[in-house]
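Beneath this line is the structure, given in structure tokens, with notes to follow.
Chain lettering (A, B, C and D) follows the sequence in which the chains are written, and residue indices restart at 1 in each chain.
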Amino acid sequence: MNNMVTGRRKVGLWLIGARGGIATCVALGLSALRRGLIDSTGLVTALPEFQKLGLVPWGDWVLGGHEIRSTHLLDEAQDFARTNRTFDSEFVESLRSELEDVETRIRPGTVSGASPIITGLTGPEVPKNESPGEAVTRIRDDLESFRRKNELDHVVVVNVASTEPPVDAEKFPTRYDEFEAQLQRSPEGWLPPSALYAIAAMQAGCSYVNFTPSLGCNLPALDELARLQKVAYMGCDGKTGETLLKTVLAPMFRARNLRVLSWVGHNIFGNLDGKILDTPSHKQSKVATKDRVLAEILGYKPATVVTIEYLEDLGDWKTAWDHVHFSGFLGVPMVLQVIWQGCDSILAAPLVLDLARLTERAVRSGHVGLMPFLACFFKSPHGTKEHDFGKQFAQLMSWVDGLIAGGG
Amino acid sequence: MNNMVTGRRKVGLWLIGARGGIATCVALGLSALRRGLIDSTGLVTALPEFQKLGLVPWGDWVLGGHEIRSTHLLDEAQDFARTNRTFDSEFVESLRSELEDVETRIRPGTVSGASPIITGLTGPEVPKNESPGEAVTRIRDDLESFRRKNELDHVVVVNVASTEPPVDAEKFPTRYDEFEAQLQRSPEGWLPPSALYAIAAMQAGCSYVNFTPSLGCNLPALDELARLQKVAYMGCDGKTGETLLKTVLAPMFRARNLRVLSWVGHNIFGNLDGKILDTPSHKQSKVATKDRVLAEILGYKPATVVTIEYLEDLGDWKTAWDHVHFSGFLGVPMVLQVIWQGCDSILAAPLVLDLARLTERAVRSGHVGLMPFLACFFKSPHGTKEHDFGKQFAQLMSWVDGLIAGGG
Amino acid sequence: MNNMVTGRRKVGLWLIGARGGIATCVALGLSALRRGLIDSTGLVTALPEFQKLGLVPWGDWVLGGHEIRSTHLLDEAQDFARTNRTFDSEFVESLRSELEDVETRIRPGTVSGASPIITGLTGPEVPKNESPGEAVTRIRDDLESFRRKNELDHVVVVNVASTEPPVDAEKFPTRYDEFEAQLQRSPEGWLPPSALYAIAAMQAGCSYVNFTPSLGCNLPALDELARLQKVAYMGCDGKTGETLLKTVLAPMFRARNLRVLSWVGHNIFGNLDGKILDTPSHKQSKVATKDRVLAEILGYKPATVVTIEYLEDLGDWKTAWDHVHFSGFLGVPMVLQVIWQGCDSILAAPLVLDLARLTERAVRSGHVGLMPFLACFFKSPHGTKEHDFGKQFAQLMSWVDGLIAGGG
Amino acid sequence: MNNMVTGRRKVGLWLIGARGGIATCVALGLSALRRGLIDSTGLVTALPEFQKLGLVPWGDWVLGGHEIRSTHLLDEAQDFARTNRTFDSEFVESLRSELEDVETRIRPGTVSGASPIITGLTGPEVPKNESPGEAVTRIRDDLESFRRKNELDHVVVVNVASTEPPVDAEKFPTRYDEFEAQLQRSPEGWLPPSALYAIAAMQAGCSYVNFTPSLGCNLPALDELARLQKVAYMGCDGKTGETLLKTVLAPMFRARNLRVLSWVGHNIFGNLDGKILDTPSHKQSKVATKDRVLAEILGYKPATVVTIEYLEDLGDWKTAWDHVHFSGFLGVPMVLQVIWQGCDSILAAPLVLDLARLTERAVRSGHVGLMPFLACFFKSPHGTKEHDFGKQFAQLMSWVDGLIAGGG
């Protein structure tokens, strides 16, 4: 490719769930960044620490993705603006041509192995009754064609599709050859979509990042595949709001030896993600990732309550109330309360862009497989038990400094 | 001293403000720890990380101090319990003999150079119109006698007296010999009490820790004195509540590149400290230390408001409401609110004990002068611009690990 | 009775759940009022408006009750003080003889028809397998003996026992003769304890107030019984915290024509009541009464979430977070949030005393049957759809003013 | 006028401060109501209770006003939408012709007697150095010409101009003839603008409502003038946010006999009103009206703190934190906290429309002078000490019911 010659890279970001809330904000944001309409607030990789890392500039990213709902990115963006009063409809309108361009690169996704509430969302263009093998082949072809047509040096696939119900990862073969063999002969339902996308991505030579609590790449066989294919991967579940706060505040209680008696977190919001999570089986995945962090930071398990409730009127405005009851010196109980009013997709979108840039950079430096240095982006970071946000960020900085120092 | 032989050390903790809220809780806590009546919640040095450091056990500390109000530690403790409902009067009663014992080691303090609201508190036993030179001599004698009588290996003086109005530190000589000469011939008012105590402490070979925002040891001439006397010192202003939270939360905004538009912090409480701080000149010292941290962590100065209001009915229950208005990706504004309901003296007391133990350990290891590795305990740590609590704690851990590794 | 001659009345307050949190605070409070140890804060009937009503003074009330747990009032009071830091153990100790006196008038209750979690609490003195008829007879005998022995002019029975699961009230005969006949021949389980106590109370000529959401007196047949017996009754579910706030705040939104989009209320607490309510069937009764009020005040049903979670460490400190999302002029959405930190039994106890005094006064004035003028004390006031607290209080005032004016 | 014949009235609403935040929302709202673009949320007079009152429909109101800043209503509306994200710029654009029409009826106001911060806002069209007499004459002429040109049956003037510093009302003559004589010969500065507008309005036969805490019509001489001129008037200071909540919540504490120990209210916002109020002399007017209500409802004065701080980034989003520390039965202290996030002008604008409709209706029914039945709209209602919002609303309802019943 000629960019090898010029030294300039052209790279792809492929979103699973390409017309969802996060994806819409990614598309708007990437377009606006290119057009210079917004500053870099919210983007971690825009911090001074990352400036010597040689990250691919926003102008050199091509966006595409898979989606199962028959809607339009532009309509989603207008709806988002109207519902959440985040920005003006004029702003969205000014990015019309960019969004229509991205729209041409959105392909029908797969619901092979999805739960009924998800299959209920699909438009007619999405294949019914795909076997796992068929789905992987089709998805992989889409990814390869995306890379070829756009002459991309590397593609990072990020899963921002609806959360799936939990899956027992133990039941799958841990060696990739056995796993692949079983995949080819199994009927629909053997694997959830998030894992099918992960396999297809890796087979196509793409890196894969799981921003959701779904299964995705969290299987030993896929770790082997990633190494075989020399791609990078990481997950899971983007850390954007209440859990971010937990992993920032809990270390304080730990460092001051204040004993957390109970930590209650009530979350309310009303976007499509919330609607899906309102289905008990789906909610279970999320509550689990939100609840786990405390015990691992504190070293003991305080009483906890975590709820996530869907209230349509709140739209993307995730509001969380955390009540921390803790005990201090001489056994005196005290209280810390936190109220978080964040716009969920707006918090997530820049992290997706950051993850894409950092993953591409890791691959370029020769990194293969799991990327635990990206832990600070995730509620349940694979490959590490470190949940303290400050320490996770320090680990990211070490990696960055290493690359800069080593010229990697 | 024979403890040199046995390897066991006996050490002193001398509190300026020895019958105040914090001092009362220190006395109660130290007594209860010795008697095994409470666990170590709230004590940083009780964390596993510190266990190999060879800190002096609670049983080997002797407590004394200076105070200007004619009251009794036991009455203060009973009042504290009743007003704040922190523990039962029975509990206080069960520690009566310990408190009465401490009481015998409390000496009249000095109000030389104090503001009218402070001198208004004094009992008849406190000398009037002491010159700086007289005050230093008297205080030093008290400290030397405390050490001698109790056969102490080292004494750590901690200032937990009422906050003084701000002082212009520029006006004092920076060389100790000039400073000392001027001190001897100056009339009352040249130096505030906190600095007189610091000088006396260092002259007596004691280390000095300033837990308040008063001037204390924060003068170049005193740095020289500390080195001459081979003692350690650190300050200022214990970080126990709202500011602790600020230095825990602000790094999160920084690391996520979220732009803080404004940070409002309203504090209400009703103890004697609050009453003194309600005097505008005194309040100024505190507001300054509370406000500064944000700009230094964030790298820019957001709009800020900090208030501290005295409401007698709240007693020691410092309640703080923080409202953080910040901007995210695509310019979307969001809000984080924090409500802190902490019992101020209960939060402070264990840190005073920790500081005493760590200071004694530093001196024992040969450390002389400023102790910036203790920054995590202070709102305005001398000798460092690092306000990120996580990083400050990591620095403390490095020092600890260094000592353990080096056998220092 | 000779008090007829002197014009002075001696009256009884009989609590179902006589060693529970509320009952304990009633016993402490009544004793302390008599001894002049506390002022009248929290007592509605101590307001100036009630002073000409001729209410029976605290000194003329005799306290007794039924209970199923084998514990002691004094121990419960000490536990309460220790767990909740509401008052000093010394204070409880100073009321020892009064509490021991009340203890002598506590009789074994009935668990005929109770759920397993309740029967699991019983001590050996509580009869097993009582039929409804047996239970009513035994309870009635206890009440009659209480009245006779203490020479009481009237007895008010207040149900402050644990909440029972909901019961379908439709299934019971509406005529009292049929109801009584069926009661006599039915096996255990036909009626829950709260209703058995109500029947026994009325049969014994006592008035009955249901402070809980349990069935109690809420049956047409019991209305007939009350009229036959010339006693008064009212219920249900004391309005003390979050619901009180709802019925104070919702009228504001209504009067300003602000549209409530959603109202979320999360309650956390950790006393025995909370433990029982943590059983899903029991919780249902409570959530229903908490949720209903909004639609009736607003005139439409906003989206609502109500949770009640048991967290042992919170004890009696019921903390509630309410998040109200509402829409104003030009469709602009806004938010009100309320955080309530109340000590549940302390809020309830004075209302129990008020209800006893007002009920006795109503009966004395010749009132028979339902007392809808007491609606302001209840979450689900029988016989009225008025939930606006201000209007309910105005109705109470009308009744009071009528009595004062009429000399009734 | 021919509308006498048809029975249909055409009426005027004249705003002082006609391009301010509230006025802008009034103009947008009135236009949108006429065009059927919004529903009636936020309008008290749209409640069912008012439907038989024969209020003048929105289509029959003509809007005009005085303003001192050289800006345009349309620009203000666009700025408002952008800053506060309350509605889309498209929405404002769709009302362009209506806003331009109102713009033609906005006249230069007076700054005679205004403070420097206000005169600093004026454009060149505003006369400098007007004497009180000149100002009144000019304003009156504007009002008369407005009425004549638009053939209006009645005009209601509502003051929504910036808050003025407090004025000592005692120093003015109480008889109107003396007052008028002194006005004519006094130099600039004798009276603040709000009072000059009130006099001019009354002289022109217009009713006057003071939505601000400025002096306005609050003078005995003006009461006489209103009666002479047969116009109605009322004030002062619209009750829209934190104070509304206080007057809703304080009656609850009173009715439950819970003792408020302290009530702290911190307000933050960032619109022009906030900027003016940030000047200490101006702020004083507002804090006074916000603070007074509690003592009058509770019957005693709890400790209070009220702050209003200007933070530009918050725009019209007035956020208030109220912390209420209260004591219950047995002396147990508890806490209620309230967080209000309201868009100030959006809350105020419909009340201005309501006040105009109700005032016109009062005048039509023959009412002259003060209108205390409108107390529920004001923080400091003239002519009444009733601050309980529920009772104030009941008083409004009595007046409404009386009119409906009496056919007035």
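In the analysis below, a residue touches a chain if its C-beta (ideal position, glycine included) is under 8 Å from a C-beta of that chain, and two chains touch if they have at least 3 such contacts.
Note that the structure is a prediction, hence the values are computed from the model and not measured.
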{"item": "Any chain that touches subunit D and subunit C", "value": "A, B"}
{"item": "Pair exhibiting more inter-chain C-beta contacts, A-D or B-D", "value": "B-D"}
{"item": "Centre distance in Å when subunit A and subunit B are each reduced to the mean of their C-alpha atoms", "value": "45"}
{"item": "Inter-centroid spacing, subunit D versus subunit A (mean Cα positions, whole Å)", "value": "50"}
{"item": "Inter-chain centre distance, subunit B versus subunit D - centres from mean C-alpha coordinates, in Å", "value": "51"}
{"item": "Per-residue multi-chain contacts in subunit D, two or more chains", "value": "85-87, 335, 337, 339, 341"}
{"item": "Subunit B-facing residues of subunit A, complex", "value": "25, 28-29, 32, 38-44, 46-47, 86-87, 244-245, 248-249, 251-252, 255-259, 327-332, 334-343, 346-347, 349-350, 376, 388-391, 393-394"}
{"item": "Subunit A partner contacts - residues on subunit D that touch it in the complex", "value": "81-82, 85-90, 339"}
{"item": "Complex contact set, residues of subunit D against subunit B", "value": "85, 261-262, 264, 266, 268, 303, 305, 307, 309, 311-314, 319, 321, 323, 325, 333, 335, 337, 339, 341"}
